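The following pair of complexes shares a single chain, subunit A, combined with subunit B in the former and subunit C in the latter.
And then the complex of A and B:
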């Protein structure tokens, strides 16, 4: 323990690793399975961005709320949504988190404070404001976190929500996961300011930019914002600069990316590799600690996919469940 | 004890009683308090129509003036609803739907189904609709059919103070998103309203006048024109059955079908534009379900398929009138 220079204890470090590695293995497997044609619909992978979701969610309680993006698998896992249900949901099976009604783009688990991945970019920002507003009335010290990408940062919903959160002094954090691309359009082309901190200041709230591939940087910056919000200090904006390993969606040929770009980031800007280096070089954790977790995750992911592929499909009768007006 | 109050007072009383009963009920919208942060008096407006006047003094920060950001605050109301609150958010004019519709139809309306039954979204969106005060094309529309088209939204449209109070209380207690549509020319209508709290269930139409000759089905302000038309027709011995739908989704088609099976003739009155309207929907359903009972083609009395004009002269021609309803009833009788 004396070797640990980090503000997280051994168990917390192991948990952070488990979250990031689970997301990575989940996404890498989804990538493989999608290519077989067995996974229906649109799928957007979070691989490469794990440090953001993990770094933020390690500061949260179960009763805190998050609204996610279209790229929501990582947020779900980090917020504690059960992996087997998620895989079954991706396959559209009745054992899925949303009984096959939501799919990858709408996975939600309100019991875990996960208000949903969202197919409408920027639409989660007002919802997180609502969670934060409810927190103020209930005086329960919870926060509402809105995740969005650099693309959605140009949507009116986000900009209106920044002002609303500031005006109402809401315990809300807006996390811009800036991976450099809105689908194929570069962030530098589509966002007029160089830093999202400028936007935060323009809306009357503090903003911080961090290296989103550095778990500890994200964890620390988010931790300060979340503590301040819990104590009534109002909203903040966190910009996490990061990269995605895969395309906008599975099937994206990514011809807009530079030659060798993905190879380079996998080699030099892999947040998981960076975390492993940080914790093993300082001897805070041993490689054997991580190997044990890897083993467990591998078993979990294999089981989750095996079970999902064999899980019952919804029937025609399920089409009309959870409906409150019928004609 | 019933006494005569206006629709405006009936809605205020419903909000007041529910706020008293349930601390999770909060109100939000533009100028619903009025004067927040301004140098003049608190509670300066009480809403554009004064519906909330006096509630701020009783409930303080449970009434929230919002920035002019419909998408953010309607969305926040929806988000808060999924987190245990029961917000009543005001979209001042139904026409402003265009700037916040995503939150209503892609978010609130979808949550319960899309999330596999786990989410409840007990939010009420109060909104003012309809023509009649020269508010012109962007403040006068009857967009009710846009809401009824969306699975996952309940749509309520009261015509009397009694219904306004009972339906508002029902809407607040409902666990799903409710769009509560109030015609801007009905706020000062008076009627008997009990002082105590009560609810009116959804999908229970109200037969305002019984008759065996022609069925007139309508909702909102048009109810009063239909009743006026029926009174005038009665002088010539024509007895119309007037049905006030009260809620548009869910809708009480049973009462409509039963009536048409008796009269064989149907006039549907709807202030909305005619295509894909409440009128066309009811006409289609009756044609499907009561074809054999029909003794004349169904008549639809609607606004024309144009934007709402500004000029009071033009607007008068635009809104379905008592005369047009009478003419349509006579047309079905002469078939």
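And then the complex of A and C:
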């Protein structure tokens, strides 16, 4: 009998680990490099939240579409956006995913179904509805996924999108990544309807809450919701309860967090540690399997940053390219 | 005198909303249930309620509503206090709050949740009686009833207006032990073994993977895993035995029954055999690999090298018998307006 108790085969487990570990290493390195002052703009790190992005995206196809948030690095990597292009984009270099014109908060790669990180709260929700509407017209079985933070759940565009998805019966899934802080505002202060699932029910669609620090919980719940949407079952909402290791943005003093809170969650609620424990204790994977991937990721991240720092910046001649499009 | 109250803000939120159209009780409704219970308790003379703190929104709704009610002055409520326990959003909150309530000397604990929440309270409530209100998914343990009635029954019981031999009902419990104490846990309705060997989204619904089932009682009027037993051989909560069912894939089983395994989800279940499960006579699980679900949630994995035994225990914890309390109250005219309830 196989040692693997999970609903993913060995290659899929390795891929899940590779995604989560790549996100973690990417974000830890951005944290270091941003402090040097060389990275322009703002960055919002996804470290600690990897199980959500990986658990959902492992159920997706390349032609499925996602819309992301300002905290979009993890979603990009999990959806298959190329890491070297992302790092170059963060540095504003012409080799970047968006030729250096987007930066951290606007990385998009339509070939991979990544419709963009987004600096406007909740603005990804109507984009996901658009992708889901296209899917419905084409009848191609794809889905549109909108990632949102808990802060965006009060935004009108999110609530309008829930209504739109419900009345048009779209293959759309709204993923509320609830890390407990809307920037620095607590839910008590700003939200009258406390449960995001209650909002889904209010718009006539099912809502589910999962432990967003458990890859397998997210993967199983998202898998059922995505299959349901592909088969014509309509929209749904998934709330992933999770934690972030860093501040809202890099440079956030985090005075709103409890003393020792980050140490505690890094020690006891780290989704990557939990995944490693789950797959190695059951002997589904060996530590040596993971060590090999770690080395590859380390090389990739180092190369990506070295190459990005040396890459050319966009020139004046590039100013109007990628801006207008003729239909 | 005070009554404890545990209201789980995250029961009825799991994947069965998607795979089975299960109900989803809004937070505001849960808070309203608490208000109705509190009003009923106060009407019976209970001055204080000690509640589990949570950050899911129930507390905030209660604070707002009690402020409004104070201004309106239509209904009296007991004073509301919270246990000094931490809020993590995990089941440990319920464990800690229940322990604190026992230490504070509450006379009973009212529980809002499904089978899982009731199990969490039963694990730590000792001899303090539980009164259940269904706000979960399967709700085999808590009976379906308007919460005002539950509040009245508890109020009458804890203020001594109903003899304890009528008000309090002793319950059976299942104890699960892996490798002689390496892991020990309990279930109040059912222990199930499935071939799915990961915890994942926790709920069980793929009936072809079920292999063994132990129940404290087998009610044919409930949904969930215990319904399998209930539809094979009903066993009452009073009877001094449970039921043990062995199952196999419906592709190979000679006996197949259709079971409401989740709300609105009726699935074929292949049955190998079943037998009475006597008290204090442990049964060891088949030496294969699997996942053990306690009251419907995947909790403990085990492999061929592990020894897992399940034991049925009688008089393990107490509940308030709401039906018996209200019948007694009616027979004795306890609610006559010319007699003081308080």
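In this section, the second predicted complex is superposed on the first by the 319 of 327 C-alpha atoms of A that agree within 3 Å, B and C clash if a C-alpha of one lies under 4 Å from a C-alpha of the other, contacts with A are read in each partner's own complex, and residues count from 1 in each chain.
We take it that contacts are C-beta pairs under 8 Å (C-beta built on N, C-alpha and C of every residue); 3 or more make two chains touch, one makes a residue touch a chain.
It should be emphasised that the depicted structure is a prediction, and the values quoted were computed from it without experimental measurement.
Visitor: After the subunit A overlay, clash or fit between subunit B and subunit C?
Guide: Partners fit side by side after overlay.
Visitor: First (subunit B), second (subunit C), both or neither: which does A:236 touch?
Guide: second
Visitor: Name the contact category of A:127: first (subunit B only), second (subunit C only), both, or neither.
Guide: First partner only, subunit B.
Visitor: Using the superposed model, measure off the angle between the directions from the CA centre of subunit A to subunit B and to subunit C, in steps of 10°.
Guide: Computed angle, apex subunit A: 120 degrees.
Visitor: State whether A:90 touches subunit B only (first), subunit C only (second), both chains, or neither.
Guide: neither
Visitor: Counting only touches as set out at the top, which of subunit B and subunit C does A:106 meet: first, second, both, neither?
Guide: first
Visitor: Once the structures are superposed on A, label A:57 by its partner contacts, choosing first (subunit B), second (subunit C), both or neither.
Guide: In the superposition, A:57 touches no partner, neither subunit B nor subunit C.
Visitor: When the two structures are laid over each other on chain A, which of subunit B and subunit C touches more residues of subunit A?
Guide: B
Visitor: Please provide the least distance in Å between a C-alpha atom of subunit B and a C-alpha atom of subunit C in the combined superposition.
Guide: 24
Visitor: Which parts of subunit A are touched by subunit B and by subunit C alike?
Guide: Overlap of subunit B and subunit C footprints on subunit A: empty.
Visitor: Where on subunit B does subunit A make contact in their complex?
Guide: Contacts found on subunit B: 24, 26, 62, 64, 66-67, 69, 71-85, 87, 102-103, 106-107, 110-119, 151-152, 154, 176, 249-250.
Visitor: Which residues, counting only subunit A, touch subunit B once they are in their complex?
Guide: 65, 67, 96-102, 106, 108-111, 115-116, 118-120, 123, 125-131, 133-135, 137-138, 144, 156-157, 160-161, 163-164, 167-168, 321-325
Visitor: Can you tell me which positions in subunit C touch subunit A when the two form their complex?
Guide: Where subunit C meets subunit A, its residues are 9-10, 13-15, 17-19, 21, 24, 26-28, 55-57, 60-61, 89, 196-202, 289, 291, 301.
Visitor: Flag every residue of subunit A that touches subunit C in the complex, lowest number first.
Guide: On the subunit A side, the touching residues are 1, 5-7, 187-188, 193-195, 197-198, 201-202, 206-210, 214, 216-217, 219-221, 224-225, 228, 236, 239, 241, 278, 282.
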